[in-house]
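Going in written order, the chains are labelled A, B and C, and every chain counts its residues from 1.
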Amino acid sequence: MTASEGLTMQSKTPATFVLVHGAWSGGWCYARVAHLLRSRGHTVFTPTLSGQGERAHLLSGAINLTTHIADVLGVFHYERLSDVVLAGHSYGGMVITGVADRAPDKIKALAYLDAFVPQDGQSLFDINIPANTQRFVQAAGTVGGLAVPAPPAAYFGVNAADAATVDALATPFPLGCFTEKLKLSGAYCSVKQHLYVHGTVLPRESPFRPFYERAVAAGWSTHALSCGHHVMLDQPEKTAELLESLVSA
Amino acid sequence: MTASEGLTMQSKTPATFVLVHGAWSGGWCYARVAHLLRSRGHTVFTPTLSGQGERAHLLSGAINLTTHIADVLGVFHYERLSDVVLAGHSYGGMVITGVADRAPDKIKALAYLDAFVPQDGQSLFDINIPANTQRFVQAAGTVGGLAVPAPPAAYFGVNAADAATVDALATPFPLGCFTEKLKLSGAYCSVKQHLYVHGTVLPRESPFRPFYERAVAAGWSTHALSCGHHVMLDQPEKTAELLESLVSA
Amino acid sequence: MTASEGLTMQSKTPATFVLVHGAWSGGWCYARVAHLLRSRGHTVFTPTLSGQGERAHLLSGAINLTTHIADVLGVFHYERLSDVVLAGHSYGGMVITGVADRAPDKIKALAYLDAFVPQDGQSLFDINIPANTQRFVQAAGTVGGLAVPAPPAAYFGVNAADAATVDALATPFPLGCFTEKLKLSGAYCSVKQHLYVHGTVLPRESPFRPFYERAVAAGWSTHALSCGHHVMLDQPEKTAELLESLVSA
């Protein structure tokens, strides 16, 4: 966004964005990106997944990936959305792939923000680094076995200014969202436009690098940002710009 | 129990038994043993754990090991039990150890029927054979990620006459019961009488053999029966006799 | 049961009893009656309804009459019962009527112990005294609106020796069990044997007297006991005797 465009300038092509957060998060993580996109005339939804953020009082072990896919499909249905740019961060990549498979005709583009990109029959645990999976199961085990406590913001390389906020707002994440294998009919393949944004600076091996590399090989629009895993917090303007690039494309 | 005693004879010392079933089961698995013990004048409870057997309509991912411990503690409280012989089969060993830690003064003896014997901080997944754990997580993943479908009766070496019934009555088991780590204060150590009954004939490596061997080393009353994992189905008379031996001991 | 028969005597016709408790109660209320019947060789189940007694930790606003009917049908299925004498106390009359409508071929006789006897389309609130209904809705409203706190034992005229225990073990009762209207196909009418036991001594107008009078008019086996509403606590021997009378009848 250049200064000359300003906040009151409308995009030439107002569009609809649905931004899906990752594990241990909430719609709150997209506040800046949503503001930027709305200020350019776009319609933006940042649904909070069941059991997370302001829905944390509904946390229960009964929540799984299917619940979260239904959460987002519900926004599509009740807000009567179509031609949506659907973005998912991290675990949110599981959710948006499932949503795209159920409602491909409502989706203009899929944007994976340092996210998992599952194939048919895969759970997040199946495509995460095995040591992480084991760590999460163990951590859940100490607090009832049904939800995984949030790792510290440092684990994700969150920028220093936001780290305390991220730690304060993080909520335990339902285990079933990690264990449930995603069933895909293949209908999602009819969505033709894809974006992958990778945050390259992580204080550990990144589970997302292989997905980024696969996206490059597949000819998606790919971008490696010199920041942590939470690209929407570390680089909100750039993230908004990349998302908006899908509209005019 | 000898033939001369018969089913209608009273035990000289009527006692109270609480028999806790294992995963994918229900109070129904103790029908024979309960009948034998009751016919000798004992009071017997065979509570079905939440989400299992006739409680299967209450199955949800929200059920964990803590739920099942509460299930059994509830029977103690509402039936005003004391001086109880508390038995657990298989996973039931997790439950009775937790119950014993919360209500050691109500328990006369602990009977592990081919069961897991956890220590503080351990989940069933922590003390099962790793390949089994992996298999169960994968199986849960294909059906929502929250409950593990029942293995066939053959997996447990159930006797031929009962196998079809066991398969018909088996119900999916909540994942959180396997992942939650049991917290033990150590109060359960004040229970002084222990029985371990091991079924030695399993068509695979037995996860229970190490617990049996540890029980032998610890000087518990130990018995290796030449039958499958479901000792109360394969050898009900012998199981009832061993349980009753704890009363007069 | 006469003194000469004694507790260890077998009944000439061993039978199966399922005893369903009323609101604010649990299987515990049948402990004496179950012991008496078992000591005569009968098989007895005293399932605790979801959210009550030792299932109180599962209390939720999602529990309704349908849940409780499923609770009892589950016992029939998983314990493989048939030819059952099915008894219900108070609210339990709603449950056993529903169970009888779903599984009439498994039931030998229906025993209403100072119980409601609903017809198709009726809820307990529809057939209770209006002032009681109003009182229960008001009481639920003060504690979250989803469960009715237990009235004191004195409200039911419980015998002096048991009153403190009844008060100690009473648990809040799910509102949906009172509001849900029972759907009856009429299949339950194929059960031909009926018992009604009425406790005549209540410190208020009895909602059960009209059902007793209707039972008399219908030619059921009817008995008016000079005791409070909890006939199984106030007169356990007499209650067991009346229940057993259904076996040989």
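By definition in this document, a residue touches a chain if its C-beta (ideal position, glycine included) is under 8 Å from a C-beta of that chain, and two chains touch if they have at least 3 such contacts.
These figures come from a predicted structure and were not determined experimentally.
Colleague: Answer with line, ring, star, complete or other to describe the graph linking chains that touch.
Modeller: line
Colleague: Name the chain whose C-alpha centroid is farthest from the C-alpha centroid of chain B.
Modeller: The most remote chain is A.
Colleague: I'd like the most central chain, judged by C-alpha centroids against the all-protein C-alpha centroid.
Modeller: The most central chain here turns out to be B.
Colleague: Distance-wise, how many Å sit between the C-alpha centres of chain A and chain C, to the nearest whole number?
Modeller: 53
Colleague: Roughly how far is chain A from chain B, centre to centre by C-alpha average, rounded to an integer in Å?
Modeller: The mean C-alpha positions of chain A and chain B differ by 43 Å.
Colleague: CA centre of chain B versus CA centre of chain C: separation in Å?
Modeller: Those two chain centres are 30 Å apart.
Colleague: Where in chain C do residues touch two or more other chains at once?
Modeller: Answer for chain C, listing residues that touch two or more other chains: there are none.
Colleague: Where on chain A is chain B touching in the complex?
Modeller: Where chain A meets chain B, its residues are 60-66, 121, 123, 125-126, 137, 140-142, 144-146, 174-181.
Colleague: Could you list, by residue number, the parts of chain B that touch chain C in their complex?
Modeller: 8, 10, 26-28, 31, 35, 38-39, 41, 43, 47-48, 50, 53-58, 67, 70-71, 74-75, 77-80, 169
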